[in-house]
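Structure below; questions to follow.
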Amino acid sequence: MSAPLQAAAALARREWVSLLRQPAEWLTPLAFVVSVVALFPIGLGPEPARLRELAPGLLWIVALLASLLSLPRLFAADLADGSLEQWWLSPLPRPLAVGLKLAVHWGWTGLPLVLLAPLLALAFGVDDAGPLALSLLLGTPALTLLGGLGAALVLHARAGAGLPALLLLPLQVPVLVFGTTAAQGGSQADTALLLLGAWLAVLLALAPWGTAATLSLMLD
Amino acid sequence: MSLSAVSPHLARPPALLLQQLGQSRGGRPLFEGLDLALHPGDLLWVQGRNGAGKTSLLRLVCGLSAPIAGRVHIEQELLYIAHKPGLKDHLTVLEQLRSGAALAGRACSEAEALAALAPVGLADAAGQRQARLSEGQRRRAALAQLWLPQVPLLWVLDEPVAALDAAMVDRLAQRLDRHAAEGGCAVFTSHQALPLRREVRSLHLGEH
Amino acid sequence: MTSPHPFWRYASPAHFLSLAGRLLPGLWALAVLGIVSGLALGLFIAPTDAQQGEAYRILYLHVPAAWIAMVCYGAMAFWALWGLAWRTRLAFVLMRALAPTGALFAVLTLVTGALWGRPTWGTWWVWDARLTSALLLALLYVGFIALTAAVDTPDDPRRGDHAGALLALVGALNLPVLYFSVSWWNTLHQGASIGPRGSAIAPEMLAGLLLSTVGFWAYAVAVVLTRARRLLQVRVASEARWPQALGSAA
């Protein structure tokens, strides 16, 4: 196996094992999602019709907030113990390394959300979770890609969890708008899904490269 | 990797070349106009008090930072062991060693990794999670990769002997000697002198 | 070696400071003249709008403010790119100097929007496309200021410069998508809309709008240049504090 491929496999395996052996990293955002989902009916009142109407928007906001919880620390741990510099110096192309980290992260945080969608929809009295799950399938990777960029920007910031949220929220609005519209089903959902897919494609092409460039400047 | 005994330095280009290198940190200049050529077989000991710029220089050599002035030329692959060497708590010692090697594009087998753990005295701890290692053990785990079969020619080591006992310091010195004899070279920082047999070049940073 | 184009002279602090110093008095004069005359025309002389009554007068502030907020961000992104590409200190200084002014005008857009909305729609806020975009723009500014402040180390603004520049660029690239998504969202949900109607614009109204726009522009440029001068002076001073370090090879 060539050197970059070895390195890619090693990084992917290392990240996977990391999340496998540290369940708190991915269970916490999921637990957060479930708790908040339980809070909404309590706060808004249990009328089924209203909950059903609000479900796509509320669930999407919860997904967004959950991504803000776990992503900012994505590179912080690597910076603290010095391993960021190790994979920085590896023969692995840096955007690919970033992409791998984000992909594994999504596999443990975003994908479970997609799989949980039917359950969450049930909490709001929505029977057909199809549109919601599909919108989350395309949307959570988009959230992760932008979130990774945010994590790189705050690498040296001496601030709490509020700062990444502040930075990322305006940037995530397109995903939120397209995602909720797609989750609602109905006439506009197809357009929304297409727009979401297009935006995801743009992010897939640009975000890993931009994140790598950001890390390069932050490591200097 | 044989070295010509007659004219060793003229036989091949330098492994590391620094030209008029200058760097600052925190707005404060660290050094400037640094010219240096490191040839195969050279060992360079970078000295200076804390904050003089030793780590900054090493990072420049590795290409992690960009210099304010001047250039760094590296002829080949290098190996960098930083002061914080990138040990993951959740991995075992063996996994870390193999993972780190593979990440650098130099994957090794389990047997080779275990063989590398023996000189650093961690063969018994191979299956232990690194979260439970002591400071000295962590330093030794980081150094184990120097005993793997595939090592690059240029080594950049930041404070390799911190928290090590005398026996381990000796073994590291022997490894460095052997590496230099085989045509490799190394740049390292250290607050204490290493018991090296070969001649060591010195670079002092900061005020004399 | 051929001498560089005269334009590059202004990248040096001394030249920039003197240029700014020469421009500022004229800019301030233009600002005062423009704002006073524009508002005088707009608030007192121009006729009352047939449909919207007196409340429409707030648009003399709202429209220039929205414009300036947007252009400031574009300028920030421009200087961010310049600074990253050519590593000139002045570019990053200008980028940072633009942020508070842009933020101010973004907030002004929101406030004037609310003041317009209250008599017209009966509420202090409407989620129309432009106001929502202005709110997000204001958040982008605040995020920029917060990030640079959180990343800055004493005496070395480099990291803050780089982080801020990258954020400004990411935001700028995102803005078209942002505006599009917000306006699409607005049409989907049939929200309210703010702004001047299609009614005929009296010449006094147009004159007032133009004058106040010019005045606010001059004010914005003057404030940004003043702030840039101060930031540059601080940077030059802090760099002069450290004596040269000694280094030697054996």
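We just call them A, B and C in the order they show up, numbering each chain from 1.
Simple rule for what comes next: a contact is a pair of C-beta atoms (placed from the backbone, for glycine too) under 8 Å apart; a residue touches a chain by one contact, two chains touch by 3 or more.
These figures come from a predicted structure and were not determined experimentally.
Remark: the per-chain Cα centre closest to the mean position of all protein Cα atoms belongs to A.
More inter-chain C-beta contacts link the pair A-C than the other of A-C and B-C.
Separating the centre of chain A from that of chain B, both taken as means of CA atoms, is a distance of 37 Å.
Each chain gets one centre point, the mean of its Cα atoms, and the points for chain A and chain C are 32 Å apart. Chain B and chain C have Cα centroids lying 49 Å from one another.
Multi-chain contact residues of chain C (touching two or more other chains) are absent.
Residue positions of chain A touching 2 or more other chains, listed in rising order: 220. Every residue of chain C that touches chain A in the complex is listed here, in rising order: 84, 136-137, 139-140, 142-143, 146-147, 150-151, 158-159, 162-163, 166-167, 170-171, 173-174, 177-178, 180-182, 184-185, 188. Note for the complex: chain A touches chain C at residues 149, 153-154, 156-159, 163, 166-167, 169-171, 173-174, 177-178, 181, 188, 195, 199, 206, 210, 213-214, 217-218, 220. On the side of chain B, the complex with chain A involves touching residues 62-66, 78, 80, 82-91, 95, 98-100, 102-107. Taken in their complex, chain C has these residues touching chain B: 153-157, 238-239, 242, 244-250.
Across the complex, chain C is touched by residues 25-36, 53, 201-208 of chain B.
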